[in-house]
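Following this line, the structures themselves.
Okay, so subunit A shows up in both of these, paired with subunit B first and subunit C after.
Let's turn to the complex of A and B:
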């Protein structure tokens, strides 16, 4: 009895720091954000508590709609580009690389751990008007004048791909790596062409990894803001920039909080949806 | 068609790796360029390193980043380790929910977490500074320390605890003399990775750094917006060197454990 109580105390002591920090740094702040989104803006740039839907009404006006669409579009296109580039890499590491698989995975992680802002400045060095890429293209005679690269949509996509490529490859690799190779041999024996066995065996079995990759790219991509500012010149406003501007430049906290709540809601729907689909896939396989 | 597919996969992989490493190589190479631009090679020079190290703003940022990274990594590692031990070693209700809560900061958009922290400081009147930076970095680092130590702890043989008990060790002794030494490498990896995450953090820092406590990435960002000079390349080259060193320490351990015959 005493031993059981001491055991409970120990469990509680082990759980206390993490529970406390999760409640203080995650749960309560998010609740305050929700409360702020219903608050009124006071004249000093603060917020007056109350219950008003003014921020949400303002948010759902026509001028903010393009911002939401821009963000969704950027997240969707970035996810698609990451999958198109990341899938073959994951496939190669899992099924073709043999004993070099460990090395390739380790190399993939190096850029992942390098300072984000350093990686972005590397691209600014490459893509600038007087940058390495422009001078190389002019020098080789492909173009006559340096062209503008920074500040264009493709530059933003390059930055997004650079930031999220490792995140895309890792879950897909994990799914493909667990694939029973005998299934591919069986497909081959049954007369399937390589393309057929890919579409009907490999790809369906890698779907949980693809779904995880979509989750890990799409959700953060919706809230991204440094990449479009640095590589896109900050011209097309997306949710991330909007939140930063509302909080740090315009001091309109209620509206900023409302944008954050909407972003959180969209992300939560995607995460819950992902978990549902994953569970049904697992149940179907069991 | 078959030939095309056979070539497509390795070609895409090759292009992918060139894409990942070319910008870093260019960045580092031009850090040693004597000229002002990152285009024409005008000879080898270490002048930009001296300039980067002499920049007062960047040096102040470096100091802030190091203090915050060490403090945040220590806290996040302690918190993540205790949470991981609870999940692996202790029975309690709501374990799945608890694990989800621990990993949540990894999945939710970071900007929403940053907004939450900023609004919480406004609401409570807590001033922005080292405290808020450390708290924010702890929040985004906990998932990593939790996942790393949980993986290591669940790989431990539960019979080790039984053996320690059979040999007369009490729970505390078994923990201090069996479990903890076996987990030490994982805890060290967790600490290093949390320190890197904190040092690199950009989004949380944008929101919760105060006047006089601007961390290095935000200082670099301000410099980038005003214009590129090879000073940034030199600074980037030094940061890459530190990051690669940390990765080698952490991954070297994993590669060794992978090679060990089990």
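Let's turn to the complex of A and C:
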């Protein structure tokens, strides 16, 4: 009894630092944001604490709906592009690269030691009218005149792909890396073509990695801010930009906080629902 | 003996603490308007350690101030921002006795409509909002805001990512006054700005000068100071105050209520009002100074630069945007519509 209590105390003591930092840095800030979302707003940007649903009512007006749809769409398309590019890379590193696998993984990650904004600025140089990409395409004769890349939707997708590629590759690589090679040999022996053995053995076994990758890309992609501004010219506004606009340009903290709360709610619902699906997939396999 | 030691120790301790709390000043100013050299000179002369942050819209600065203690001792709001901040009680009333050099202000800046008697702010530089183009891709010099709607520059037109600035163009291109409070005029401007998105490369209020100089952009809306800085190295970039008027602005220094280092803030304001300092600042930032004696010290390429000191008749036509009060909401809803339009 005493020993058990002592054990509990010890657990608590050991957990205290992380518990405390989670409360201080995660729970309290979120509570502050939630409190602000119910505050009242005056014309001059002051927020008076109180309880009003005015911000939420304003939020569900027709002008904000397209922003939510834009964000969901960008997140979905980015996730798809990341998977299409990331899967083959993960597959190659896990199953084909042999002793170069470690090196390739390192090469994938090293650029991420550089600050995010600096890397995005580099893309602005690469994709500029007089940039490397245009000069190369003109030099090779693919195009006659430099074309506009900055300020277009594909440029935003390039930025998203670049930003989220490692978070796509790593979980898929982890799933494929643990793959029992004998299963592939067995499939081969039983007369499966390479395509069949990929589709019926490799791919299903990598699904947990793919599912994790989708989650890791989709959720943060909903909240991106800098990429659409720097590479997309800031022309199509998504939730991240809306929050910045409401806080900084319009000084409407309650409405900005309400958008943040709704974004948080959407992400939470997606995560919880997704975890359920993931669990049932894994149970079905077991 | 012992007493001496105690005295010495406490004296050295005192010295230590005073060194630790050496005079500091936290400045928050428009990017590109207060040159780093001026800040360094000031530090060297006074021994005050200056922390220097910049913003590219009044609204961002206001948001930080109204969110609570911002840690800034000196800010550089534009005219309408002085009104808004004063109404919110976020500015300290200035003690002119601590700014002896305030007398150096040129006549037009001694009495400004937005801040009678310089109660809240001291003007620092002034300028205009207009547009600029690159001669490489714009062959006939444009004179109207309409250049920013011209389909032949599709994808190579950039607007300031700033609500009020965008509406200056949106309102004036329709023949309205910038800074109107009439809902139907704001609505019409909103439609024009939505229409414009088809030909727009993007919104940018940070490095639009570079976009223009590099040829990424053909026409950009901009503030004259940033453009003049680019023109200095790339003469193909030309600044235009549009026929419709454009706008004139004045940026000045003010001390927030939450300021901790008030004396240092006064020292900086007084420092930058010295004619030779004002001249150096104006020359480096390629902006128009409010100090008459400083103008006489400027090199010809700055003093006679029409982008910096526009002709009188152009200035007379320019709008001067003041606080629009409750109409702010109309602008904001319109701007959100503009930003969400596909």
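Keep in mind that, in the parts below, the second predicted complex is superposed on the first by the 259 of 286 C-alpha atoms of A that agree within 3 Å, B and C clash if a C-alpha of one lies under 4 Å from a C-alpha of the other, contacts with A are read in each partner's own complex, and residues count from 1 in each chain.
Heads up, the rule we're going with is that contacts are C-beta pairs under 8 Å (C-beta built on N, C-alpha and C of every residue); 3 or more make two chains touch, one makes a residue touch a chain.
Since the structure is predicted, the reported quantities are computational estimates derived from the model, not experimental observations.
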| item | value |
| --- | --- |
| First, second, both or neither for A:253, with subunit B first and subunit C second | both |
| Partner chain in contact with A:151 - subunit B first, subunit C second, else both or neither | second |
| Which of subunit B and subunit C A:114 touches, first, second, both or neither | first |
| Greater residue coverage of subunit A in the superposed arrangement, subunit B or subunit C | B |
| Partner chain(s) touched by A:199 [first = subunit B, second = subunit C, both, neither] | neither |
| First (subunit B), second (subunit C), both or neither touched by A:89 | first |
| First (subunit B), second (subunit C), both or neither touched by A:60 | neither |
| Subunit B versus subunit C as contact partner of A:100, first or second or both or neither | neither |
| First (subunit B), second (subunit C), both or neither touched by A:128 | both |
| Partner chain in contact with A:26 - subunit B first, subunit C second, else both or neither | first |
| Residues of subunit A that lie at the interface with subunit B and also at the interface with subunit C | 46, 128, 130, 247-248, 253 |
| Contact set on subunit A toward subunit C in their complex | 43-46, 63-64, 66-67, 70, 128-130, 148, 150-151, 229, 232-237, 241-242, 245, 247-253 |
| Complex contacts: residues of subunit C adjacent to subunit A | 57, 59-60, 62-63, 66-67, 84, 87-88, 155-156, 158, 161, 163, 197, 200-204, 214-216, 325-326, 328-329, 332-333, 335-337, 339-340, 342 |
| Subunit B contact footprint on subunit A (complex, rising order) | 7, 10-11, 13-15, 17-19, 21-22, 25-26, 28-30, 32-33, 36, 46-47, 85-86, 88-89, 91-93, 96, 102, 104, 106-111, 113-126, 128, 130-132, 134-135, 161-162, 165, 193-195, 198, 215-216, 219-220, 222-226, 230, 239-240, 243-244, 247-248, 253, 256-257, 260, 263-264, 267, 271 |
| Parts of subunit B lying in touch with subunit A, wherever the complex brings them together | 1-2, 5-6, 8-10, 12-13, 15-17, 19-24, 26-27, 30, 37-40, 78-80, 82-83, 85-86, 90-92, 98, 101-102, 104-105, 107-113, 115-120, 122-123, 135-136, 138-139, 142, 146, 171, 193, 196, 199-200, 202-203, 206-207, 217, 220-221, 224-225, 228, 232-233, 235-236, 239-240, 243-244, 246-247, 251, 255, 258 |
